[in-house]
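The structure follows.
Letters A, B, C and D name the chains as they come in the text, with residue numbers starting at 1 for each one.
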Amino acid sequence: MSTHYTSLAIDDPTKLVFGHAPNPFTLRRGMVLGGGLVYPEINFTLPPMLIEAGTMNKVCTEYRQMITGVLKRAAELESPGVLVEFETLPPMTEHPDWGMQIVNILLDAMEEAHAKDGLASALRMTPNDNREMVRPPQMRSGIYWEGMLELFDRSAAAGAELLSIESVGGKELHDDALTMGDMQGSIFGLSVLGARDMKFLWTHIVEIAKRHGVHAAGDTACGFGNTAMVLAEQKMIPRVFAAVVRAVTAVRSLVAYECGAVGPGKDCGYENPILKAITGFPMSMEGKCASCAHFSPMGNLAAACCDTWSNESIQNVKLLGGMAPTMSMEQLIYDCRLMNVALGEGPKEVLKLRDWFVASDDSLDPQAYILRPDCCVQLAQAIISKDTPYTAARHVGLTAIDILRQAHADKSLKLSDRELPWLDTMTDTIQEMPDDENVLAQQVIATTEPGRFLPAEYGLTS
Amino acid sequence: MSTHYTSLAIDDPTKLVFGHAPNPFTLRRGMVLGGGLVYPEINFTLPPMLIEAGTMNKVCTEYRQMITGVLKRAAELESPGVLVEFETLPPMTEHPDWGMQIVNILLDAMEEAHAKDGLASALRMTPNDNREMVRPPQMRSGIYWEGMLELFDRSAAAGAELLSIESVGGKELHDDALTMGDMQGSIFGLSVLGARDMKFLWTHIVEIAKRHGVHAAGDTACGFGNTAMVLAEQKMIPRVFAAVVRAVTAVRSLVAYECGAVGPGKDCGYENPILKAITGFPMSMEGKCASCAHFSPMGNLAAACCDTWSNESIQNVKLLGGMAPTMSMEQLIYDCRLMNVALGEGPKEVLKLRDWFVASDDSLDPQAYILRPDCCVQLAQAIISKDTPYTAARHVGLTAIDILRQAHADKSLKLSDRELPWLDTMTDTIQEMPDDENVLAQQVIATTEPGRFLPAEYGLTS
Amino acid sequence: MANLNALTEFIKSGNRSKATKLTQEALDAGEVPQGILDAMVVGMDVVGERFKCNEIFVPEMLIAARAMKEAMAILEPALVKTGYKPIATAVIGTVQGDLHDIGKNLVSMMWKGASFNVVDLGVNVPAEKFVAAIKEHNATLVGLSALLTTTMPAMQTVMDAIRAEDFVGVKVLIGGAPITQNYADQIGADAFAADAASAVDAARKLLAN
Amino acid sequence: MANLNALTEFIKSGNRSKATKLTQEALDAGEVPQGILDAMVVGMDVVGERFKCNEIFVPEMLIAARAMKEAMAILEPALVKTGYKPIATAVIGTVQGDLHDIGKNLVSMMWKGASFNVVDLGVNVPAEKFVAAIKEHNATLVGLSALLTTTMPAMQTVMDAIRAEDFVGVKVLIGGAPITQNYADQIGADAFAADAASAVDAARKLLAN
């Protein structure tokens, strides 16, 4: 049932732009993703408060206030459409009834805004991945797995048109790899454990989407790539390390599309442009408007290839001008308007604005650099040239390092002195890794304290 | 001592762009305002808390945290410079000692960031205008007047390089004019009372600036134009009314430059592009990044002619990614980077990006429309064609109405049905107003309940 | 009866001269004062609804309110004779240190439109002044406005001062851009309203309890 | 003495084999165990400082910490004989419902580097487990981490559970991205620290009181 990509949907970097995807598709209220317009994608969450049976009324009030506020502002600013993402918090997935209460609040408000103001919108449903609530994580069965599938199923039945998740398979080893600066551990977590889990999980999600006539959208290696990015922004780990991890995350996130997802890939997947080049599906991205949720070194560049533009998440607190989610909505709409003006003027103009987004950030940070559209095509090429996620991961990692080395040499990228030695360290590590992923798996199993992860949950035997 | 502008510094709308002002100037740490780069201008304020002797320690801690956070992020993102605005809260102007405590905290942190990270920055000092703490407001003497001047003086001595204020002269009548939809009252408040107060006030501010070798920057008719804008956004008053009020505010704000101010005009003066056309001084603007402080119908268009780009204000609350002021700092820097990339490519590219900013918003809101660069030049022309603020105000008001009528006719601007009749009402009102402002003044004095305002405080005899 | 329908219409359209004239005629014709008042209130309610639905602007609403005010001046003596008391007397003001009053003025105006007797204390109002006004006017409704994050705490001061008295049935409603329901809960205010239109509903609800 | 300077250096550079070898040699040469420990702690302090000044990254710091840990394994028996007790025993964990642990792990690692005895309870830790661990290990320092706005309230639960016992001298330090000093004050925690580096200073300050 799964595709293996051997060619690129976009191999010309000048075609890798915002607003246009080779494989666009239309949502129920007429929004066409990847069809020539960039839409705002809004996400919001609770202020500090407890979620339990006794507070669910208050929880619902918060969500009702948030969705009403953002849709009202979107209608006032005449947004051509809005994608609403509902990323659940753990208790809402654990208790699908609670999650569904909120889903219905959101869908009702969206229906009302459509009826009253003609505002088009669609819901992206992102149950959070609770499978590591038990440690070692139980990936393929148990109450967390079941609650998650139930919530996917019921929300799709209720009207959520896009299904997503930020899955965590492999992260139980990857976290340490990040803090230890261990590239082998990172590649193992992403391309061996992660890719295996993705295949299992996304086969199920695609099946649910098909059953309800909705779209399996995409995943993100957020717990890997964004954790690395945040750690690098906090100066905890080298920026070049985070950049190479980012390149490798594309291998993991690709699996969703191999299983049948059609985009848009989740906002926080900064690896999405690479996946757009491979798959041709529309992608969501986030940058400067997501600084409410985390700082990033590529606030503009992230917009270069987006089809929806997101704020990642903001909690419902009051700012001077109004509620914070409404502020995000307004900011996103203005950013989208700018892109849509350029889109209205044709490909040359789109390319111009895209290149400005890129030039704004690419020389200042290695992760920004490797996400330049031309680099994305190069990385995409590296990935599809290999047969398995593991081989692709090593290859794309080395390719990213080469790109960085080259960029530093020709001075198009500034790297600090303490970053530089890491390029060699990473190259050595990747080159010395066993060619056979099973050999590596057995090595890891042998040297990892038992109870950190369950090989069987990834279809590995120990 | 005061200039009267009779010609435009910029009469070609294609020269009215962001980043370049005919009369740029250089700040102490090398930032050149209006000299080819757009700088972020950051402003922040306290979260809910009391300001009194007993809480001043906590107040100082908040400001220290805010300034440290924003400068750190600006250095990390390698901003070419940062303008910091300190807009005081009432007790800080009433007790200049308190205000100065904070000024010194800000200046120290800025000095440290310069020494440590090479970050250039400058302080804009904006004491708030407390003169209406007594009602009717006492405009030319008394403790509020004195506290304000003392704070200007001491902060300039301490190192604040730009002096600004959001003065309130005339507002005591203008508020009602707004809620009553009374265009005559608005013009009287702005161009008779407001302009007279500005002349008195700015003569003093310019004198203080000269004494300390710093710059009198500029004022804003915020309490007039932005109140109108906020009321229109809340659907309280017609948008066309707010648009015409905006045009008239330019007459009032111009007085600061006539008295010797050199820019950059204050961020929230959406009338600033008109003033840039007249004076050639750099201007600060705010738009989508200021939606934390208030929503607006021109989040992109406002950037068209800016020289610094501001967030207006945000309180020190924690968001998911960090403190809110730091979020604003990051957003501003990315917006500035985009403009600076275009600036680096030359005038044609600047014009292209500017026109995209304009095209993003101009057709959707009358206020956005009249602030198109070509309309700004037209309005500027209307202002300088008259000899007195009052005659200029009536003329620019009528010009704005004409622009709107024309734009509606040729379908470049969408106006709702209930807005349209207001164009005629406003025209009639303005045309029926007496030609002599003294006649109007005597009418107003005669029909206003005593105690609403003191004519003598505006040099008027009753 | 036909007269009173017309009165409702004149209030709606803000026609002062016709509204006052008709009120006088209705009184002369022996209509029950309460009935005349009801006709006016219906008119203002419609105006309030239209405003809520974004069909009219504040200036138009104010014109209706002014017509109502003038007609009321004529009606009031007769009403009082029948023992009529306004639904409630409300005291409203912007708290100490804060000069923002447009929002407060709008609330005040909407309350007047809903036939409350409104005492507006203006801006920069210290706690004692609120307490004194409640006593003096036997107010049962208090409206507090604050627009600055640094004057929000002054609302607490007013609440404390009010709770220190033994007023019976005095309800406090708060509002202003930085205010939230949470904050109202925190300082023990009886309710929060987000805008002028909902301030009327909120006040009616409070007074009904 | 020269030996001990070298030991400091090997800790700093994270040279495990040389650090352990030198520790053994110093012991054999009759150095006072406390003196050997001090040499190590000086090394880790320098590492911590370098990290704070952005001169090194976490992985480099972890390598130093690992060298220290292995050298300590050799030193500990001798230390214990002299009656040595670690500065303090700390219990740390991410509160119930929350799985974020990278930040907590970094704090835990920094505390170990500062010679605290650290008991890491992991993630998703219920209040009772914190209380039990404090009892079991005679801990005087507790670290609570929360990254979700919806698990912040679980910190209050832990605080309540701890305050319900009559522990003497148990100090609670809290942290995590959404946490503020204000929140710490609100739930009665003893302190808040914004990052791992300042978590060491904060802990030392708490324990000194």
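What we mean here is this: a contact is a pair of C-beta atoms (placed from the backbone, for glycine too) under 8 Å apart; a residue touches a chain by one contact, two chains touch by 3 or more.
Worth saying up front: this structure is predicted, and the values here are computed from it rather than measured.
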item	value
Chain pair with the most C-beta contacts	A-B
Inter-centroid spacing, chain D versus chain A (mean Cα positions, whole Å)	34
Separation of chain B from chain D, taking each centre as the mean of its C-alpha atoms, in whole Å	51
Between chain C and chain D, centroid-to-centroid distance (C-alpha), Å	60
Residue list for chain C, restricted to those that touch at least two other chains	149, 178
Per-residue overlap in chain A, given as positions that touch at least 2 other chains	45, 315, 320-322
Contact graph of the chains (line, ring, star, complete, other)	other
Inter-chain touch pairs (all)	A-B, A-C, A-D, B-C, B-D
Residues of chain A that touch chain C when the two form their complex	318, 320-322
Partner chain B, residues of chain A touching it in the complex	45, 73, 76-78, 233, 287-295, 297, 299-300, 313-315, 317, 319-322, 324, 326-327, 330-331, 333-335, 337-338, 341-342, 349, 352-353, 356-357, 359-361, 364
Chain C residues within the chain B interface of the complex	54-60, 62, 97, 99, 101-102, 105-106, 122-124, 148-150, 152-154, 178, 183, 195
Residue ranges of chain B in contact with chain C within the complex	45-51, 89-91, 132-133, 135, 175, 178-182, 227, 231, 234-238, 315, 418
Contact footprint of chain B on chain D as seen in their complex	149, 177-178, 180
